[in-house]
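Okay, so subunit A shows up in both of these, paired with subunit B first and subunit C after.
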Partner chain A sequence: MPQSKTPEKPQNTGSTRARFKVGDRVRVKDMPNLFYTRTQMYVRGIVGTIAALTYEDILPEDEAFNRDGRLEQYYIVRFRQKDLWPEYPFDNDTLQTESPERWLEPVSN
Partner chain B sequence: MSTRSELRQQQELIGSLQPALHVPQNWNYEVDGPLYKAYMHPPHDVGGQFDVPVQYEEKEEEQWELNTYVTCEVLGWRGIWNSEERRRRADNDLGYTLYLGIPYYGRWIWAAARMLVDKNHVSLTELLEKIAEVKSRYAAK
Partner chain C sequence: MSQGHSHGDGGADQGHKAAPMVEEISDSEVLEIAVRELAIEHGLFTAEDHRRFTEWTESVGPAAGSRLAAKAWIDPAFKARVMEDAVRACKEIGIDWAEPTGFGTPSDYMNLRVLEDTPTLHHVIVCTLCSCYPRPLLGMSPEWYRTTNYRRRLVRWPRQVLAEFGLVLPPEVEIRIEDSNQKCRFMVLPVRPEGTENWTEEQLAEIVTRDCMIGVALPRPGRTADVHPVHKARRPVQSSPHSGEATK
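Up next is the complex of A and B:
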């Protein structure tokens, strides 16, 4: 049955449970697409850098079905535009997007 | 998506999924009456419609199809859904593209999974992670 959810207030600092820190290299997981997600297709499988820790929240895939889940750290991940779009003309440009921890895996440097 | 050219190919394929009209439709501000009725038409009400020529095949059910059937029936016996809800989900809610695009029992299992997530018997995150785990197990073989 649908459970009621109390919205958590966004926090500015990462929790001590956070798996990644600013500067860590991460790869976005390529999970199956089914019913709902917020993880864009064009970042999947691509390596980026943690630019910031934002807040803890429920995963979109669970919240969209009104399900209580455990809170998880969210990150701003920075990608090189050239890694996303090989034909992109400028080397130094980057793109940032937000991702929950569940969708990220560590990359050894 | 492992390579950018695969991503491009996939995006072109998604863009080609324009059922019925075969003219790109996107955020139409006005939809005329017949087109509106066509969009609202329940996909499984196919009687009298023209179809492409289909070759008749005597095909036995595959194991996954039997498993799907039994799973859906058991969910009914346990009171999780009834057969009309199964039809509503599998024949209407999935929309024309999936209705026409995936196998008959594919529609059943899609509907069962969606129902279990909708009713909070399983979380979508659990389901996605399980699918990913099983896929990687098969890929390793």
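Up next is the complex of A and C:
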């Protein structure tokens, strides 16, 4: 069976280009959706904490249309359920999801 | 037949319609067939490749994930390797994420993270955008995992949804939802239950069912299958016009 033309991707080697580190506070940007995105609406504008650096890859927005985008760092971001849903009644519960760097902005506090 | 009614006579209107024999085909199914036929025409893969891949997809189950969890419970060094690099550790139990089918089908999904539960932290997995799932380890996702009902409700009301699966957790236990939306795939490593102290790896693997690795159930001795309650329909489709009359 012929191999698909999956581009070679660098392994996760703790890239020096990564803008954020574990523990940093970040806000998910609320940018317009151009044709395709994997950034959920329910995390837009919400502040969370970087829980892990995962890998480098191109954006889904580029990959969906077979564009060779720039590689960027992906992160697992942890949110408090109470921050995502104002009426959420349990203090301890959390939610994690993954985001490319472009969708995150630093939060100073 | 008793009421002079039989299926398949194709004729008389008996007061109800039989369920259609052919289900509707959705737009995305039409698209899949069109893209598949184009790909075969252009030689990206053959019809035979497609058949083999489909059969592989349908045959792979959650057994590899169960083995991984049981081995991680028994062997702390293996567990450490799983936490360090789960894709690499999978090779020790015979799963190669780079080529999961074993017949030359490469994978884009090379990022597996195993989420370890503790007595005060419980993970549960969802994909709100579609149905991302660690298929090389767990096989095809269950039908409910792909429903919009599960996907949109789990992130917002996780405790209620888990309760519907029969899993009620005290408020002190942190529930951590993992919305698997990009290229990481996730599997839950539950807490090893009490009463399994001298069990073998095979015995342990039996109680780590698919639902335990998604996070909608907890393993316990004696629970070796994911059984969901089936409730009788409150307004069942009537199979005979007479019983239909009776409810009016």
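Note that in this section the second predicted complex is superposed on the first by the 96 of 109 C-alpha atoms of A that agree within 3 Å, B and C clash if a C-alpha of one lies under 4 Å from a C-alpha of the other, contacts with A are read in each partner's own complex, and residues count from 1 in each chain.
The criterion applied here is as follows: contacts are C-beta pairs under 8 Å (C-beta built on N, C-alpha and C of every residue); 3 or more make two chains touch, one makes a residue touch a chain.
Given the structure is predicted, the values throughout are model-derived calculations rather than measurements.
Student: Counting only touches as set out at the top, which of subunit B and subunit C does A:57 meet: first, second, both, neither?
Tutor: Only subunit C is touched by A:57; subunit B is not.
Student: Regarding the shared-chain residue A:104, is it in contact with subunit B (first), subunit C (second), both, or neither?
Tutor: The answer is neither, since A:104 touches no partner chain.
Student: Is A:45 in contact with subunit B, with subunit C, with both, or with neither (first, second, both, neither)?
Tutor: first
Student: Could you let me know whether more residues of subunit A are touched by subunit B or by subunit C?
Tutor: It is C that touches the greater number of subunit A residues.
Student: Counting only touches as set out at the top, which of subunit B and subunit C does A:26 meet: first, second, both, neither?
Tutor: A:26 contacts neither subunit B nor subunit C.
Student: So in the superposed three-chain picture, is A:95 touching just subunit B, just subunit C, both, or none of them (first/second/both/neither)?
Tutor: Second partner only.
Student: After the superposition on A, what does A:85 contact: first (subunit B), second (subunit C), both or neither?
Tutor: In the superposition, A:85 contacts both subunit B and subunit C.
Student: Indicate the residue numbers of subunit A shared between its subunit B interface and its subunit C interface, in ascending order.
Tutor: 1-3, 42, 85
Student: In the complex of these two chains, what residues of subunit C are touching subunit A?
Tutor: It is residues 43-46, 49, 103-106, 108, 110-111, 113, 128-129, 155-156, 158-159, 171-184 of subunit C that touch subunit A.
Student: Considering the complex alone, what residue numbers of subunit B touch subunit A?
Tutor: Listed in rising order, the residues of subunit B that touch subunit A are 1-2, 4, 7, 10-11, 113-114, 117-120, 123-125, 127-129, 131-132, 135.
Student: Spell out the part of subunit A that touches subunit C in their complex, as residue ranges.
Tutor: Within the complex, subunit A touches subunit C at residues 1-4, 6, 12, 38-40, 42, 52, 54-55, 57, 60, 74, 76, 78, 81, 84-85, 88, 90-100.
Student: Note which residues of subunit A are touching subunit B in the complex, please.
Tutor: 1-3, 29-32, 34-36, 41-42, 44-45, 59, 61-62, 64-67, 69, 85-86, 102
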